[in-house]
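Structures for review follow.
The following pair of complexes shares a single chain, chain A, combined with chain B in the former and chain C in the latter.
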Partner chain A sequence: MTANLRYTITAVLAAGVALAFMPWLLSDFLLSLALSCLMYVALASSWSMFSGATNYLSLATSAFFGIGAYVTAWGLETLPYALAVPLGGVIAGAFAALVGAAVLHLRGAYFAVLTFGLGELVRHSITYFEKTYARTVGRVLSDPPEAVTVYLTVLLITVATVATCAAVRASRFGLALAGVGADEERAQTLGVNTRRVKIAGFALSAFFAGALGAAMAVRWTYIEPMSVFNPFIGFQTVLIAMIGGAQTLLGPVVSAVVFSLFSELLRLQFPYAYLMLLGLLLIVLVLYLPGGIGSLFRGRWARA
Partner chain B sequence: MPEMLLRARGVYVRFGGLVAVDRVDLEVRAGELVGVIGPNGAGKTTFFHTLSGVLAPTAGQLIVGGEDLTGHAAHEFANHGVARTFQTPRVFRDMSAEDNVRFGLEFAGRRRKHARDAFDNPAAILDLLGLGDVAAIPAGGLTPAKQRLLEIGMALGARPRVLLLDEVAAGLTHAEVDATAQLIRRVRDEAGLAVIWIEHAVRVLMNYVERVAVLHQGAKIADGDPRKVARDPAVVEAYLGEEGGGERKAA
Partner chain C sequence: MGFWLELAATGLITGGIYALVAMGLNLQYGLMRIMNISHGEFLMLGAYLTWLAHTVFDINPVAFLPVVAIVLFFGGLAVYRLCFRRIARTSPSVDVIEARSLLVGFGLMYLVQNAALLAWGADMRGYSYLADAVEIGGARFAANRLLAFGFAIAASLALLALLRWTIFGKAVRAMMQSPTGAQLVGIDTAVLHPVVFGAGLALAGMAGGLLSMVYEITPSMGEPYTVTALIVITLGGLGSAAGCLAGGLLLGLVEAFGMHFTNPSLKTLLSYGVFIGVLLARPKGLFAR
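What follows is the complex of A and B.
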């Protein structure tokens, strides 16, 4: 482990410990705001881990998140929460590996559209399955864990996600992913098994999104496909990561906090203002700063 | 006889109705420096794509170090010691020159050593190429000529046994071509590589290689000593004649 990586991971862990005290310091409203921030930090970081490095624009975040959420919805009656969460991650990761093996030879718009379609496919499949076999769409969670438990679980996943991102960036695996993003064929001629690297990266990224979905699911007392496979979760993740700078470590983190706060605060008073702001910022950035805001700080903290 | 490192047997590539490479055989042994020439559209680069695994041939066989790799992915060719450059430099633009060289060392070159340990770190390879002073600069910011050299450095990072060079001299000045050729010979000698060097400009190559193969309309029409090949009527007809007698006289 390089000194730089050790420093970054120590900082991430320290931030995690500090944030662990929040449930006893913040009001219920602020705590739910913090939860929302953490969720997008983890989603945007895990998305950047794969899509930022490889330039494979994935819109499948909602699919992985929803799969995780449904593992909790179906499993929570028989499984403890602490088991449902990693299981949600594992199932989402396995699903990503399976799908990735089939579609990761596609690039650009084809890949993006396909991953978007994936979310819709899973959502409709679950709806159909529930209608046909369970004869009900949606489930009520009878005994959800306490808010503090949920917060600490999501915090743990977030810390693990960001630390993993840092470790991946400093590793051979991360170099291989960056090679795929820079010039996939060139990377291959230098010995990278690009197919395996892409599948592994896609699955790892999906694992965190799935675990997060499983952890967050209990916040909806009533879980139905429409809400947990909400494509907006995926879009917002992509926008946040791209605006923050998907090729940096800290960019998506900072951007996720800022936009989650904006989102929660503006959504109540000016529901459209937030979306317009997000859209405008994206357009301006794509035109003038395609690497995102984080790319401005490259070479300093961004390249940890 | 030195070890046979790369053997192409009856390599045939067809794109729809067009035969780009027509049953080409080529054998290269350790320490050889072989030139491949041919007019534009002769199938040189397509043939190179098959030698490096970037393109699977429609028919034929590719044996690398005794192992049949026909139909395998490019990374397996790289891992078996075949490294290549691209005609248009394909450096990793956002990475430093040093990281570009390190890339090969981290993957294809990881479990292999050069015959001599002269090129076992990025700095040594960059110094050899005269790129030591731009090690920290993002590769996209280098001049085209330096990017070409860096392409060679990336390939050397993969610690190859067979080095495939695709028009590395294109666009260079006379002096630069000369320096590059000396460099290639030096690398070949020091690391005991087999080198296959494609060049469109005949004269450049004829002066530096010990053996030359000529492709014409996808087929190999000559293979041997450059001086003999240059007098071969079929070659004169196919290539030198078309390119102009001036070059031939000068060679």
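What follows is the complex of A and C.
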């Protein structure tokens, strides 16, 4: 472990400990705002871990998130919450590994579209399954855990995600991922098993998204495919990461906080105008600052 | 017999529209590596323009189709100029063009779709045009569907002929085969790229205009068509206009028969199943040699 990495991880842990006191300091409204921020920090970081490094644009975030949420929805009656959350992550990760083995040889637009289709496929399958076999559209989560428990769980996942991101970036595995992104054939020539690296990276990033979905599911009490597989979650994650700079560690984190605040405050009042602004911002950034805002600060602390 | 004919025809009618939607996108992607994920949004704009013209100014939707095409063509020129030209010029490789244009496409999707929501609201809109049934060979069809099918096929065939037999089409095909070679023999990218981009949007707009005669329209109607167009392109092969037509019709048939034998709520599952299956088994398209 290099000094730089140790420094980063200590900072992440310290921030996590500080944020752990928030439930007793903040009002309910502010706490739910903080929960949204944490959720997007974790989603954007886990997305960047794979897609930022490898340049494989994955739109499957909402699929993994939704799978996690449904693990909770189906399992919470028999399983304790503390077990449902990691199980959601593991199942989403396993699903990603399976799918990744089949589709990760596709590059560019094909991969992006296929991963988007994946979300829709899973959503429609679950809708159909629930309608035919369980005869319901959605599910009510009776007896959800307390808000403090949910907050602390999400905080834990977020801290773990960001710390894992930092650790991956400093490891051989992270270098291999970045090598795939820079030039896949060259990485292969240099002895990287790109296939295995890609599948592992994809599954790892899906694990966090799935665990997050499983943890957040109880917040809504009523779960239906349309709300947990909402493509907007996936899009907003990609937007946040790209705008912040998917190749940096801090970029997605900062941009997730900023955008979740904006999103919660503006989306209710000006939903359409807010999304238009988001779209415009993405276009302008891709055209004039393709590395994201984080690329402006390629200093010591951005690289970690 | 009449029933099967009706089922097949229903599939072909949907498939014709799919082909028309996919063709514009395929041209853009094949020529410029621009994966314009907001393609369906321009289809939606075409549908709303036609709806507006019909309900507010009482203009015949069929007569209005050329206007829609022209408006979207110039819209396409503007979009290309503002967004994609810079990407094409500043990107180091085609992979990067593809990735960046995909993201810009997402941005455009948000922008256009929400602008439409702001302007017209989220309600379903529609009008009735030629909704009477026509009987052909014992099968009954709504007249507007037949009309939409006829127009979609005619437009697709016209485009095929244009690509095959005109000097412009030759230039486009040359550019697809070898961008550098085409430039060496004097084909001007600075003209061809925006024109083809505009033509792609014009085709999308026309498809939207045709769809507005048949179905009710909403600002979010475009997205499924983008995905369907991508499936059709995958089926037919990238850059192949004839493959696109065949792929579109095929997908329409698969959906129609698949829904009949299984369940209407499985429609999306079916087309995604086809998509993933083709990508896995024949990533270069069904008709690739």
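Here, the second predicted complex is superposed on the first by the 303 of 304 C-alpha atoms of A that agree within 3 Å, B and C clash if a C-alpha of one lies under 4 Å from a C-alpha of the other, contacts with A are read in each partner's own complex, and residues count from 1 in each chain.
Keep in mind that, in the parts below, contacts are C-beta pairs under 8 Å (C-beta built on N, C-alpha and C of every residue); 3 or more make two chains touch, one makes a residue touch a chain.
All values derive from a computational prediction rather than experimental measurement.
In the superposition on chain A, A:Ala176 makes contact with chain B only, while chain C stays out of contact range.
In the superposed model, A:Phe21 lies in contact with neither chain B nor chain C. Counting residues of chain A touched by each partner, chain B versus chain C, the larger count belongs to C. Applying the stated contact rule after C-alpha superposition, one finds that A:Ala187 touches chain B and leaves chain C untouched.
With both structures placed on the common chain, the touch criterion links A:Phe29 to neither chain B nor chain C. In the superposed pair of complexes, A:Arg107 makes contact with chain C only, with no contact to chain B. Shared contact residues on chain A (touching chain B in one structure, chain C in the other): none found.
The residues of chain B lying in touch with chain A in their complex are 52-54, 73-75, 77-79, 83-84, 86, 90-95, 103-104, 106-110, 154-155, 157-158. On the side of chain C, the complex with chain A involves touching residues 29, 35, 37, 83, 86-87, 95, 98-100, 102-104, 106-115, 117-118, 227, 230, 234, 263, 265-266, 268-269, 272-273, 275-276, 279-280, 283. Those residues of chain A that touch chain B in the complex are listed here as 172, 175-176, 178-179, 182-183, 185-195.
Contacts from chain A toward chain C in the complex involve residues 55, 57, 102-103, 106-110, 112-114, 116-117, 120-121, 124-125, 127-128, 131, 235, 238-239, 242, 271-273, 275-276, 278-283, 286-287, 290.
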